[in-house]
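Once you scroll down, you'll see the structures, which are given as structure tokens.
In what comes next, subunit A is part of two complexes: it sits with subunit B in the first one and with subunit C in the second one.
Coming up: the complex of A and B.
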């Protein structure tokens, strides 16, 4: 009886140690397979989008429908997005301070459910008669569908 | 003094115990070998993929964010670094044309590519390759038979049009 008892305890201990080692190995293996460049790449794409839409003056229009169409055209199908443009204007001719312009802000897909999103930001100026009309901050959130 | 039969057996393996131990040992050695090989293979593949991904992003950044060195490299024979833009993400058609006419080996050395191959193309939003002077805007070697391929698709502007710049690194 006693001989059998010790044999079982040894076996149980050995099995536990082996199981822990095997699970640990596979856990570390799966951890090592996480795509470290995936998020960096999505961040690059999000910044590319804001830069190009700023350079080709699409953002300056502050036209929600136009900007949304362009974003749908440019962004890969596997990426979902949310865009928020906050528009400020000078409080005076000396432009010492900016105030939020109510009614000018652009919100695209505001109710989309974000999953581990990545944010890109870009500020830009809108001119009118060679003078700064608006100062805007665009915040684009992008995530995998 | 003679030993009793029970004392003779004390501390000895029986055939069944011996077989069980051998079986367990063979099983553990096989398992360890399989895990070792799997880990080695996974790490190796991951290292190659990481290198290619990092390279693809670096190359696309270099091409789309810098003018190159010297900045007017398209007019010189000594090119230290390639860059395609006049402003951030604004591709200059003249620089692109010059790059398309460079030998592949010179492009590779100017981009710091050593241990892998690369292919670059500029396509419109429909996926068709842009034409520059009647020539496809593509350089490098296509990865027809490669096992490790990474594509970094970036967004830029060429002639007031939004385009995709695809950098593909492979081995």
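Coming up: the complex of A and C.
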């Protein structure tokens, strides 16, 4: 009776220690599974693409088809994207508030299913007669296909 | 005894595996932290860059950096040229209004959770420009530029950098006749002495006056007056004054005063000895501040016109 009890206790302790160590090991190893470097890489691509489209004046056009074509040309094939451009204008000459300009916003691939996407954001201006006409914010979401 | 050794060996193996996994986890966390910081650095920098680019566009779109055209010639010497209409009337300029609007827009729409955008464009409107690495400022007075069209003065203040300054060349192009103007020529305790070269020329619709040149002592006054010029608003003047108060601390300071009756295309050229470092022209420091509050990552800088 006494011998069996100690044997069982010993086994139970061994199982507990082994379980704790195994769970701890898997928990620690699982941390290495997150691909953060990949996210950084995609983020850099997304930001570079927005900068390019801003500096070559493509974004200023607010032309959905043109912007979509350029994005398809520039972005690597293994990346999917969604672009949302919100266009604002001053509410009055004193510009106390910024109102969204209806009919000007650009939405490209709005219904795409995002998987762990990265967002790049950039503001840009549209000029008319050497003065600011619209203030816009472009949000590009990019993820691996 | 045999069982005890086996148990101990298995336990040790488990402990080693656990230790290695913990170590791996710590390294991964460190890497994760560095990568997240990189992502935030990129975000802060990209937000800053998009605002800086917006300001550059506003200034360039609305006539050559808000009315001032800046060019640099780099050779054995660095020659920096500023061209604008004097006296400056900034209150009527659209770029000042657009800067205000853009400042409001960026502070409203680019602020995010943990990302603060703080802009100070007030100092930009008067267009003080800084030449680096000389720390020479090209400024306008009054410095708030909010007053009605008034006497405008341009001061170039070399502070401690006066020893790199070799000459000033000024060229004025009034859109009117200049032959009848009164010219007193270079006068003052510093004139015809020293090594700082001063030059002035006026090109009118009827004739060209000058170039008149002299040398001056850095710490003494030397001025050139052109009075009773026929300007669009009546009679006016151009006064070019080096070190107005003959002060040691004002060595190399040049004031250009143009009467409010006039609208004169003015070019000021500084000839500077080349020193290590790229020549840059920027607005005063700390015009754009973007701060990430969680990791305390901040970019606080100015807008560069050249060499940024």
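Here is the rule we go by: the second predicted complex is superposed on the first by the 132 of 145 C-alpha atoms of A that agree within 3 Å, B and C clash if a C-alpha of one lies under 4 Å from a C-alpha of the other, contacts with A are read in each partner's own complex, and residues count from 1 in each chain.
The criterion applied here is as follows: contacts are C-beta pairs under 8 Å (C-beta built on N, C-alpha and C of every residue); 3 or more make two chains touch, one makes a residue touch a chain.
Since we're looking at a predicted model, the values are computed, not measured.
By the touch criterion defined above, A:120 reaches subunit C but does not reach subunit B. In the overlay built on the shared chain, the residue A:51 is in contact with subunit B and with subunit C. Of the two partner chains placed by superposition, subunit B and subunit C are both touched by A:25.
In the superposition on chain A, A:74 contacts subunit B only, with no contact to subunit C.
When the shared chain is aligned, subunit B and subunit C each come close enough to touch A:37. Once the two complexes are overlaid on the shared chain, A:66 sits clear of subunit B and of subunit C alike.
Number of subunit A residues touched is higher for C, counting subunit B against subunit C. Of the two partner chains, neither subunit B nor subunit C is touched by A:15. Of the residues of subunit A, those at positions 18, 22, 25, 29, 32, 36-37, 40, 44, 51, 55 touch subunit B in one of the two structures and subunit C in the other. Against subunit A, in their complex, subunit C makes its touches with residues 7, 11, 14-15, 17-18, 21-22, 24-25, 28-29, 31-32, 35-36, 38-39, 42, 46-47, 49-51, 53-54, 57-58, 61-63, 94, 98, 100-102, 104-106, 108-110.
Those residues of subunit A that touch subunit B in the complex are listed here as 18, 22, 25, 29, 32-33, 36-37, 40-41, 44-45, 48-49, 51-52, 55-56, 70, 73-74, 76. Interface residues of subunit A facing subunit C in the complex, by the touch rule stated above, are 14, 17-18, 21-22, 24-29, 31-32, 34, 36-37, 39-40, 43-44, 47, 51, 54-55, 88, 90, 95, 98, 120-125, 127, 130-132, 135, 137.
Those residues of subunit B lying in contact with subunit A across their complex are 28, 31, 35, 38-39, 42-43, 46, 50, 53-54, 57, 60-61, 64, 87-90, 125, 152-157, 160, 162.
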